[in-house]
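Chain nomenclature is as follows: A, B, C and D, assigned in order of appearance, with residue numbering initiated at 1 for each chain independently.
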Amino acid sequence: MNQFLSLLLNGLSLGAIYALIALGFVIIFKASEVVTFMQGSLLLLGAYLIARLSEPIGFWAAAAVGIVGTAAAAVLVERLLISRLRGAPVISLAILTIGVDLIILTEITRRIGSDILNVGHPWGGDAVSIGGVGITTNRALAIVVAGILIGAFFIAFKFSSWGIAMRAAAEDGEAAALMGIRLGWVSMVAWLVAGVLAAVAGLFATGSPTPGVTPAIWAVALAALPAAILGGLDSTGGALVGGLIIGVATAMAAGYQDQIAFLGRGFGEVVPYVVMVAVLLVRPSGLFGTRDVTRV
Amino acid sequence: MSDTSTATRLVKGVVLLALLVVLLALPLYVEEFWLRTGFAVFAAIIGAVGLNLLVGTTGQLSLAHAFFLAVGALTYVYVSGDPGGSAIEYGGFGLPPIVGMVAGVVMAGLAGVLFSPIAARLRGIYLGVASLGLVFIGQHLLNTWTSVSGGFNGRLAPAFDLFGFSFGGNEEPYLAVLGVPFGQAERLWYLGLALCALACWFASNLLRSRPGRALQNVRDSEVAASVMGVNVQEYKAKVFLVSSMYAGLAGVLYALSIGSVAPESFSLLLSVQYLAMIVLGGLGSVGGAAMGAAFVSALPLVLQQYSGSLPFIVEPGQPGIVASQAAAFLYGGAIVLVVMFEPGGLAGLARRLKRQPRPPQESPPVSTTSSAPADSSSGGTPR
Amino acid sequence: MNTNKRRAITLVSAVLLVTATGCSTKAEEGGGDTTSEDGVKIGRGIEGDTISLGSLTDLTGVFAALGADITNAQALYWKTLNAGDKICGTYSVDEIVKDHGYDTQRGIQLYSSFKEDVLAIEQTIGSPINTGLAQQLEADSMVNIPGAWAQSLTEVAENTVVGSTYEVEMINVLDYLLEEGEIEEGAKIGHIYFEGEYGEGGLAGSEFFAEQHDMEVVEVQIQPTDTDMTAQVTKLESEGVDVIAITVAPGQTASIAGVAAASGLDVPIAGNNPVYAPGLLDTPAGDALKANLYVASPVAPFDQKPEILKAYQAEFDNDPTLGVMFGFAAADVMRQILEKACDDGDLTPEGVLAAKESIGTVDTGGIAVPLEFIVGESPSNASYIFKADDVPGGAVSVSDLYEGDDVAAFVEGG
Amino acid sequence: MMDETHAPILEVRDLAVTYGGVVQALRGVDITVGEGSVVALLGSNGAGKTTLLRTLSGTLKLHKGRVESGEVRYRGSSLKGRDPARCVADGLVQVPEGRRIFSRLTVEENLKAGGLGAKDKSTRAPAQERVYDLFPVLADRRTQRAGLLSGGEQQMLAIGRGLMAGPKLLLLDEPSLGLAPRIIGQIGEVIREINRQGTSVLLVEQNATMALGVADTAFVLDVGKVSLQGPAVELAQSDAVQRLYLGHGAEETEAAAPRAGTRKTLARWKA
């Protein structure tokens, strides 16, 4: 039972990180009609900046710079590339982001080289006990911060001008434009928010119990893609639920691998994809996605 | 009009023929490394042409190509390979390689058919990401099913032979042409060239045929296509079949090219590389896919080979950009530039250089948008 | 149009004929061995007074850390040698280094790009690449030093594995812990290992050891891409293990040590040599690693060979890992084999292979464990055991050369 | 009725528009909307009505259309190169054909979205009150998803949404499309009321009965050109309009009439 609770808690913390990234996917999709494959390199970029800067300027300043820098990079990509291709086929745009991802990933990999960069979280490898179940402070904070960020986002999404503009634009871009909503602005803010979310996810994804910044954390975003898809690519709530499902399912599959040994060792790795394909078979637009997303 | 088109076709025919002659003569001159690189390029071309049928022509984004390549490669080594392995034992039927090759193509096609109900249910980007899942699930399967795959390190691929003529391994019967001994690399080159030419020929015929046009209609608008009497689901399933069979053949050649197969070789990166090939080459064009495949698969090797004489690339071990990174930058950058400025890819570029106007159905990039604005005077702009 | 086409075909065919009958450069290439002035048979890979050695390394992929250090160390080794004794008193060594970025296909392609030009290969990183090359190595009599220690590598005569196999390493480190009283008879071993031969090798070692000592092994398999070990360690914790054996990569090692410390699972951690990199000491798990990690290694930590560290640091300014020691050891083994071949009067590839097989015990002067190359057997029964610490290389020896009591039994039995 | 001597709020002079440089949608169109008036623009499918509106609202570029020649002046200054957001901020607001309400947003959110383009943010609250006064049914359903409204209610929401930005000139694109006659009548009354409150209106319609009943002046667009124009009352009496838009035989005539941009008609067939 203790093992179960521990796995659940850790799964939720992992899921919180996935949810942050998945939310980025969804926001960008809604605002720009782009399925971005570069969340992974944005996450890596954020973590890399924070890790490199935390020594000279301290963790908190580094975190601020890293988050701002990542958001700036995302906005730059939107302004320089995406915004100029408004109306281009979704597949072309997705492929474009793969190209950008490849460039950023290669460069950061080159810069990291063979090191494992330490982010220098003030909480280091500390652990806390919640109801008798141990979890690293980093992961506990991840849940809290992700909860606050996602909550804040949902409020903004529901009530702010940008939120309404974005939902309107997502539903009918031309009609929104006719209402005087600047689609370019909506799209830019979306990329900015996604950049922030990716950097924050990177901040926690590289803390204890993961060793630090290596190019491998790029793959974390890849596991968040199924989370976004299974929730429904155009559903923000779906991103949250999808992230948590993937996180918990992955942790459980890894923790109970003896019981599911017939599926092959190391099954936990593929759980996100298995869950996603299973969900898509039943609901082709994801759990909460609108069925009529035919434009993709 | 018909005069010019005849002339164009003639020019095209002569160019193709000259290319073929050059390709046939090359093994007499170039070194084994280039022949092996060439064989890998031929394999990549076959795979890229197949993926292009799916993504470029029918507009279905697939990231699962690596999986279908794996099915082809694994089937080949299992059907034609012998049981073996030391740490991890694996089985094999030891049948003639040609049987293995055909089986590889058929099995990959079968895998495509099995996946096509999912493909039929999903559209566009949902399909893309679901197919991404297939790559991961496939790799897990390969790593787990060690009696077939040989596990993490993989297993050796049996050399190919056809009716006693060996394309590797023992190199029998001995053959020399104009004093050049034809060893494994030379023989494989011709095998690759023949299969590749066949695959390209079949694909261009398919595109020109009635079903080919139907596929393009499916891409442009599923609704419209079905109104016009195209059975969309059936066509989608069929194109998945053909595309994955191409991938299967590419997988067999991939195995022959490496000499062994390891699950790790069939990662997401491979799928992304194939996608890069067809985007760079030009979606929907067979020649473009071939050019893109040559570019993406040969670039890292060529850069590595000439790293000494290229100013921006350092020798391995020195600080700076090494060849494989330079290659990654180059094709990442090329993808961005192509999507931004030349959606027709290399094929579009070539066409533009020739300044030959084309009938519209050959030039457009993928278009999956079907949400025509309500007014009747929408869209309808010539491309 | 038909006549036109026919004319074109005729023309092109004529061109083909002319080009084909023109001299083909490849046709004149004559292989074959010759004999040098001092009566040594030479062939592929030797031009004048230079022996060319190949290197298939990873400078951009997952094993870039290892690859860079080995490559640097070998370059330094040959530079020193070329300035001094040379091989056979005559030949200097030239390296052809290729970076495959841990891409199997690229590795195989690159092999074909230099196989006509090199006498032997001093470094091949990547198990799948080594597996893929096996047939070709045999066909080309290409002596090769893999950057890996899998049992199956020893079964190819050309492969020259510098160190004990993963099985032997794991038995040694566990045996050491038992001897030191860190674990006791009847203990429970939790083993976290990679899928694939590397992991399976380590696991076979711990299972054999457990059998000998009435122990139980709880196995947890992971994939190389896993980074968060929480679920796995949680499982081991709930099983109440007394020691964690690991056959993983450095990233996972840090995570395992970190999670174990955080959850209060304060037990020794025993690892195969690839589990550790000194960079891990900077991570939050650094203290846990220093406290609990024991690693079996084919090469000695720098404290045993300070002169090598000094020489390296004079030349390169990165923080060296034990990859440097391995690079030196591999180059030294290669030198000894070449010298033996030279003594035998045959520096052709076949001669080098014969020298490798007949060389007997190779002593690298305490850089690596003593080696003897018998096809299908672990080249050594010994390992160096080290702990993590804040010193160059990140490792301090806790024992001299160590050979566990059970290794002999394992080698005979297995 | 307003005096025709007022300075026009909108002047279209000799406007020619093509799509993709090939398909000519408008050729030499002249239209004037007087300040404070209601102008009806009639025409069949493919006549160029929607193209004209796109030119006015700045969305022509989204459809790869281009102004080849001519000029559009709104309140005395050229609209050239003005993007949709600028147009809305300047009080030129279009209510698109087919309503295009944001069906997954609530009624109130739709109205808020409509107010986002207003230059002066402080006008949003009063504008919303005005819309609720005009359409009490929307006030009752303010928290409902817009997609759940009836067709007529959706059209009212679309108009209300357009009013949120405080337009000086409201462009209405076929507000009667697909609605029952009774509802069409209501829409006509609403248009009159909006006009009374000081907003000029350009009403694009196929339903000539309603349009000519509401408008002061009217233009008939045919194959990208203005074929008839004049006071709405007079036009309603003319033979041509009687035959084409009010009377019988409309279908046959339309089918027989030559069309610009046949491909656009085709596009409709496909969709």
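Basically, a residue touches a chain if its C-beta (ideal position, glycine included) is under 8 Å from a C-beta of that chain, and two chains touch if they have at least 3 such contacts.
Everything numeric in this text was worked out from a predicted model, so none of it was measured.
Touch-path distance (fewest steps) from chain A to chain C is 1. Of all the chains, the one whose CA centre sits at the greatest distance from that of chain A is D. More C-beta pairs touch across one of A-D and B-C than the other; that pair is B-C.
Per-chain Cα centroids separate chain A from chain D by 43 Å. One inter-chain figure worth recording: chain A and chain B are separated by 31 Å, centre to centre, where each centre is the mean of the chain's CA atoms.
Centroids of chain C and chain D (each the mean of its C-alpha atoms) stand 75 Å apart. Contact with two or more other chains is made by residues 96, 100 of chain D. Shared contact sites, meaning residues of chain B that touch two or more other chains, fall at 143-144, 325, 373. Each of residues 109-110, 174, 265-266, 269 in chain A touches at least two other chains. By the touch rule above, chain A contacts chain C in their complex via residues 2-3, 6-7, 10-11, 14, 109-110, 113-116, 118, 121, 124-127, 134-136, 139, 207-212, 214, 216-217, 219-220, 250-252, 254-257, 265-266, 268-269.
Only residues 60, 62, 64-66, 68, 195, 220-223, 225-235, 237-238, 250-255, 258-259, 261-264, 277, 279-280, 282-285, 287-288 of chain C touch chain A when the two sit together in their complex. Against chain A, in their complex, chain D makes its touches with residues 57, 59, 62, 83-85, 87-89, 93-96, 100-105, 109-110, 112-114, 116-118, 161-162, 164-165.
Against chain A, in their complex, chain B makes its touches with residues 55, 59, 61, 118, 121-126, 128-130, 132-134, 136-137, 139-141, 143-145, 268, 272, 275-276, 279, 321, 325, 328-329, 331-336, 339-340, 343, 365-371, 373.
Every residue of chain C that touches chain B in the complex is listed here, in rising order: 1, 4-5, 8-9, 12-13, 15-16, 19-21, 24-28, 57, 59-60, 68, 71-72, 75, 97-101, 103-106, 108-110, 112-113, 115-116, 127-128, 130-136, 150-152, 155, 194-201, 223.
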